[in-house]
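The same chain A turns up in both complexes below, where it pairs with chain B and then with chain C.
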Partner chain A sequence: MPDYTLKIRRYDPESGDAAYWQDFTVDLAPERSVLDGILRARDQEDGSLSIRCSCQAAICGSCGVRINGKSALACNTKLSDAAERAQRGGINNEATSNGAIVVEPMGNMPVLKDLIVDMDAVHWKKIQRVVPWLLPEGEPPEREYIVDAEAMIDVTQSMACIQCGACVSACLSMEVDPEFIGPAALAKAYRFVGDPRDAHHEDRLRDLAEDPHGIYDCTHCFACIEVCPKDVAPMSQIMRLRRRATGDYAIKDSNNGYGHEKAFVDIVERWGTLHEAQLLPRSFGDGSLVKGQTRPAAVKQLIDSAPAALRGLARGKVSPRKVLIHPKLPDQKEVRRIYEEIEGRDERIELNLYIVGEEGEGGADDKEPVQGESGAES
Partner chain B sequence: MPQHDVLVIGAGLAGMRAALAAAEEGASVGVISKVHPVRSHSNAAQGGINAALNPEDSWESHAFDTIKGSDYLGDQDAIEIMCREAPQELLHLEHLGVTFHRNEEGKLGTRAFGGASAARTYYVADITGQAILHVLYEQLMKHSEVFRYEEWFTTALLQQDDGAMAGVVGRNIRDGSMELFPAKTVILASGGNGQVYNPTTNALVCTGDGIALAYRIGAPLMDMEMVQYHPTTLAGNGLLITEGARGEGAHLYNAEGERFMEKYAPNKMELASRDVVSRAEQTEINEGRGFPDGTVSLDITKVPRKRIHEALREIINVGRDFAGVDITREPIHIKPGNHYTMGGVKTDFEGRTPIAGLYAAGEVACVSVHGGNRLGANSLLDTLIFGRRAGQDAARYASDTGMPKPSYASLSAEQGAIEAIIRRERTGRRVSEIKAELGATMDKYAAVFREEDGLRTALEIVKRLQQEATTTATDDKGSVFNQDALGALELGYMLDNAELIVMGALERKESRGAQFRTDYPARDDEHWLKHINLSVNGEIPEVSYSDVTITQWQPEARTY
Partner chain C sequence: MRVAYWPGCVSRGFTPELHGSMELVAPLLDIELIELDRANCCGAGVIAEHNQELVDTLNARTFAMAQQVGGSAGMMNICSTCQGAQSECQQRLDADDDYRRLINQHLRPEGLEYKRGDDWTNKNLLWLLVEEIGLEKLRERVVRPLEGLRVAPFYGCYIVRPTGRLGYGEFPDRDRYLEWVIDAVGATPVEYAGSHKCCGFPVITMNKATSLRQAGRHLADAIDADADCLVTPCPLCHLNLDLQQPDAAKFVERPLDIPVLHFPQMIGLALGLEPKELGMGKHVVRTRDVERKVAALAAV
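What follows is the complex of A and B.
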């Protein structure tokens, strides 16, 4: 069996010393997990090495860490994969060294000891923020609520969240704005907004749209989708919250989320590409350029962004001509066709793995259903 | 000093359900859990929860399947309660927000499961336990009057002079501080003891804490020999592949390509009860028809791809991440593996133990509704029904009981004991070495097939390990998250559990349910249609028996 070197970030709050790196070499089969490696080191070398873990099967969500800089569960990351990634390098910190697998505590949360972070101080506080329980109207029915089967499968993607915190750890917006409600809590919010039994969809959406650290604080960086070990796709859930807020309830929020989205869509419809000079003022006017330009807040933000615009001019990134006259894409008909097709659909098509399966997989019905024991409804 | 009418130990399904029920009755409630509640092992219940909710189904049918599944060792009055109350409990969960699968009419939909005569298993994809656990935690966040002690470890149960419950001693894992928790009632809801075995489907937290704590203060344990081996676990690491896979239509094959269940259960085939399927697989493997890695294969490719994606998504992940197999395209190698503790702390229908104020519910308890073998999708039901009943009864009991005043001496004693472990110089083996030998021993001698000599050997080894455990030392000398010290305490709990499992298995000289004695291969109703109770009594546990309650279903031969 090969030897793997784990370079682990250690921190003992009782020692008075700063955090440090310690190498452990473990002799394990390549398909074993990074958690197996950590536990082997703990069992055989140093019993004080601390990590939360329990199920070892990626369902309890305890062992979120950063492996080679990437947030993940230690239990479902193979040693061989982690070692290969470490060899390739690409992790930009002081620990980079000779192909050792670098294991650190998760980001965006205070470290309590070794690989253990304070989930309560960040993750659970944010979960609590989104009113994380069902709010049905009136007394429950005598039997079950009758709801669309597809809707239940749909929210199952959010229900699959195991609250491991990997997305919180990886969230770039939260790094900049620690108050951002964040990917896990907003995915949790979608679990209620997408649940037909909940009677407060609009209140919830208004609350999350008006909060300056709410749904419009996400910058679409995809980091949460990339690191989620359960395919919850938190960013997709955030985008769906936005779509419901704007499309279903036309919530015109004071963060200009609604206006920004409308401006974006309108501009692309008109020019085929983004006319950046128009975007900001239009965003302030619920999509209208004229209204936006007369809003005090818009004027203030335009002035605030003037230095950036000037730098852009100075470096030739934008030209005065481009600011004033934005060229349309040559084949405007194609743009029109895309808009018509999407707007003409009866249903919104959502990306949901529970419904459509993985990308690149064959069609969902490329096999005949088996007869007999299949667990069909009875 | 935090004091409560009802103090729940463990925050899985049984614990949270008990806490919410007790709070609803107006009791002041605390929940102590050594892990954050959503990390609890109830997460692992993938397949679903049984309830005879469909008008064409009946609680009697559910009860009969459960009784037959238990190999007639389950108490029929308790089973009747569970099966009668199941539909209402299921609807309650649905109303709280569990996202159960719907049929085309938008009503609750079902899937087939092992040992059941109707499709009565309600589910959320293959994350049913997780979904219910997280929804109950939502309710706990909503009901902030329930006090949560998350990441607190229980080191002892305390009694008053007359034997009644007085509270517990707990250690805050975060900072190592110890606290006395006076409580009128204590509900053990701390789960099973799967970690006594290796491999096991159970999480690292499943160390039989509550079983050992209760045993040590004199509460009797029942049917400890009944340890379920699940038919479909991964060879190397013991990870679980849900019975839902077979419920959805997956088949089992031996290395010769035979669908071998035809020989063992010609009617129910792969959906016979778990003990039957596990024995069949082990027989195939023992007789040389398994694969070289000691497995047989589970073919899920029979299930339509769309159905796998919506209903068995977690198994796709498990296959990919932990076995390197795409279950939608190829069969996966599996074998029987330790899964569930049917035995446990003996309770009545309200979760009461013979110790006044001490309750138990869920896998830690033995009511008994599972008898010799638990049916798939009955465990979630057990936790919820008896968790609720225990919570309600404890609240009622507490309402006309005074708050006990446990002595601070017990707190210092516990504190001293842990500090002694932390200060001890290493002279013997590590906790991990002892645990590894224990797990291998139990999996060898107290597994699917058992016999006298092997069990005697196991008992000797366990006794030796108990001695060795007294000399283990910790590397961690600190207070914050000293998991090393907790590991030593858990080892003590596990060794108690192991001894009692082996004692029960030696005592029961017949084959019933999960206990198959190759030296007594037949079920013997004349002598052994009874529960085996074990109570603390110095060095060797005291053995006694209690009757199995039979209401309307007389024992008959069990075929599937």
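What follows is the complex of A and C.
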């Protein structure tokens, strides 16, 4: 069996010493997991090496760590794969690994000891923030709630979450804004916004849209989608929350989320390509150019953005003519027709590959290919 | 090599120097650009957030136009965001025949149809350069190796994640191509924390602090790693890293003064083009120091 070297980030708050790196060499088969390697190192070399773990089968979500810089479950990552990645030379490996598998505690959460982070202080607090339980209306039925199975398909992806915190660890918005509600909690929020039994969809959405650290604080970086061991695609759930907030309830939030989406979509409908000069004022005015140039809050934001715009003008990136006049596409009427055909319908059509499966997984023809997202329930 | 060329909106809007430098660099790499001047915006993630069927139709329209360009090797874009937004739509269109048929119905009145083809690809210039043209050929064409220039790569999220959608199965090194190209043009790639992180641009109108703290932090990390400049294949990243750099400095509370090159500009310099013709005068952060270094290099 080959030897694998694990370069592990150690930290013991009781020692008074700073965090440090320690190498452990373990002799294990390539298909064994990084968690197996860590436990072997603990059993054979240093009993104080700490990691949280339980099921060792990617179900309990306890052993989230960063392996070669990437958030993952230690039990779900093969030693051979991790070693190959480490050999390739790290991208943003903070340690110079010399081919060793670098294992660190998860990011965006305080470290308690070695590879154990304080999930309570960050992850669970954020989960609580989104009211993670059903809020039905009226008297509960005598027996169970009866729900059409079809109606629950939409939330199955968010229900697959095992609360491991890998997405929280990888979140690039949270890295600069620790108050961001974050990918795991927002995916959990969609689980209830998409649940037909819940009676407070609009309240939930309004709350998350108005919070400056809510759905519009996600920077669209795909880091959570990339690391999730269960394909929950938290960012896609955040986009679904936005779609419901703007499309179903027209929630005009003070973060310009509604305005930005409406501005962008309307501009492409009108010109076919992005008229950048109108994007800012329209975004600040709930999508309206007039409001965006007259409403006091919008004017203030425009003034705040003026230095950047003026720098662009000064360097000749932008000409006054370009600000005022944007050419339409030659066949803009076709783009407009597409808009009318699709936006004119009550139903939004969404193909979720998590649910229907990707091509090559067999039986695609038997499956319902297109899943309709229901419109506003009101 | 003939390609159906989608420049994107921003390269013809607020970063005109990008489209301009691409047009100058293309013939030097034997790329014939057939510009898709009737194609529409990719949606940049925002139309996808609004209505998936709409964004898939809009991008299927662009793909269909690209497929009509005779003798082309495929479609090429010069924007990480276009790449990611379009790859997302293409994945759905290719995955399900019924869904593709539904989307194509919207294109029929215009006489267009997106046909799924295993050989048909939509590649960013970065991918096309490494995978189709080859670094050897690039090295041969370099007349001014950018020796001594320390360049920090900045990819843009949409071209690095999610790997499952962006062809990393077939091309696992796509997250290292920028370093390879920097090396191939004779410059030195700089390793720093921000290279594959987010510039923050998507939330600039919604949470300026979150947006510019990200940009500022990556710029600061590149400066601390002794980079002379950054290079990016994404014009949206360029807006946050260059146009917004003076504001980003306020959010990270330290001075920042590091130029950001567009990807084709860096190649253009190595292929002998001058900074002025590559539109480097249009940058907000002055590129003087880079220009001085380049001017001191002898042509080979």
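Basically, the second predicted complex is superposed on the first by the 310 of 378 C-alpha atoms of A that agree within 3 Å, B and C clash if a C-alpha of one lies under 4 Å from a C-alpha of the other, contacts with A are read in each partner's own complex, and residues count from 1 in each chain.
The criterion applied here is as follows: a contact is a pair of C-beta atoms (placed from the backbone, for glycine too) under 8 Å apart; a residue touches a chain by one contact, two chains touch by 3 or more.
On a predicted model such as this, the values are computed, not experimentally measured, just so you know.
Participant: So, A:Leu329: does it touch chain B (first), chain C (second), both, or neither?
Facilitator: The second partner, chain C, only.
Participant: I'd like to know which partner A:Tyr249 touches here: chain B for first, chain C for second, both or neither.
Facilitator: Touch partners of A:Tyr249: none, neither chain B nor chain C.
Participant: Please work out whether A:Asp43 is in contact with chain B alone, chain C alone, both, or neither, and reply first, second, both or neither.
Facilitator: first
Participant: With both complexes overlaid on chain A, does A:Trp21 touch chain B (first), chain C (second), both or neither?
Facilitator: Touch status of A:Trp21: no partner.
Participant: Quick check for you: in the superposed arrangement, does A:Cys218 touch first (chain B), second (chain C), both or neither?
Facilitator: second
Participant: With the two structures laid over each other on chain A, which partner does A:Trp133 touch: chain B (first), chain C (second), both, or neither?
Facilitator: A:Trp133: touches chain B, not chain C.
Participant: Using the superposition on A, tell me which residues of chain A are in contact with chain B and, in the other complex, with chain C.
Facilitator: On chain A, the residues that contact chain B in one structure and chain C in the other are 353, 356, 364-365, 369-370.
Participant: What does chain C use to touch chain A in their complex?
Facilitator: 9-10, 12-17, 37-41, 43-54, 56-58, 61, 84, 91-92, 94-99, 102, 106-107, 109-110, 157-158, 160-163, 175-176, 191, 193, 195-198, 200, 202-203, 205-211, 213-214, 217, 243-244, 246-247, 281-284
Participant: Which chain A residues qualify as touching chain C in the complex?
Facilitator: Checking each residue of chain A against chain C gives 91-92, 94, 172-173, 175-177, 180, 212-213, 216-223, 225-226, 239, 242-243, 246-247, 255-257, 259-261, 264-265, 268, 272-274, 276, 279-280, 283-284, 304, 307-308, 311-312, 315-318, 322, 329-331, 334-335, 337-339, 341-343, 348-351, 353, 356, 358-359, 364-365, 369-370.
Participant: Quick one: in the complex, what on chain A touches chain B?
Facilitator: 12-14, 31, 42-44, 46-48, 50, 52-62, 76, 78, 112-114, 116, 119-120, 127-128, 132-134, 136, 140, 143-149, 152-153, 155-156, 159-163, 191-192, 195, 197-198, 230-231, 353-357, 361-362, 364-370, 372-378
Participant: Applying the document's contact rule, which stretches of chain B touch chain A when the two form their complex?
Facilitator: Per the stated touch rule, the residues are 35-36, 38-41, 43-44, 54, 91, 94-97, 99-112, 118-119, 121, 124-125, 127, 130-131, 134-135, 138-139, 141-142, 150, 174, 203-205, 236-237, 239-240, 244, 246-249, 269-271, 302-307, 309-311, 313-314, 317-318, 321-322, 324, 328, 430-433, 474-484, 487.
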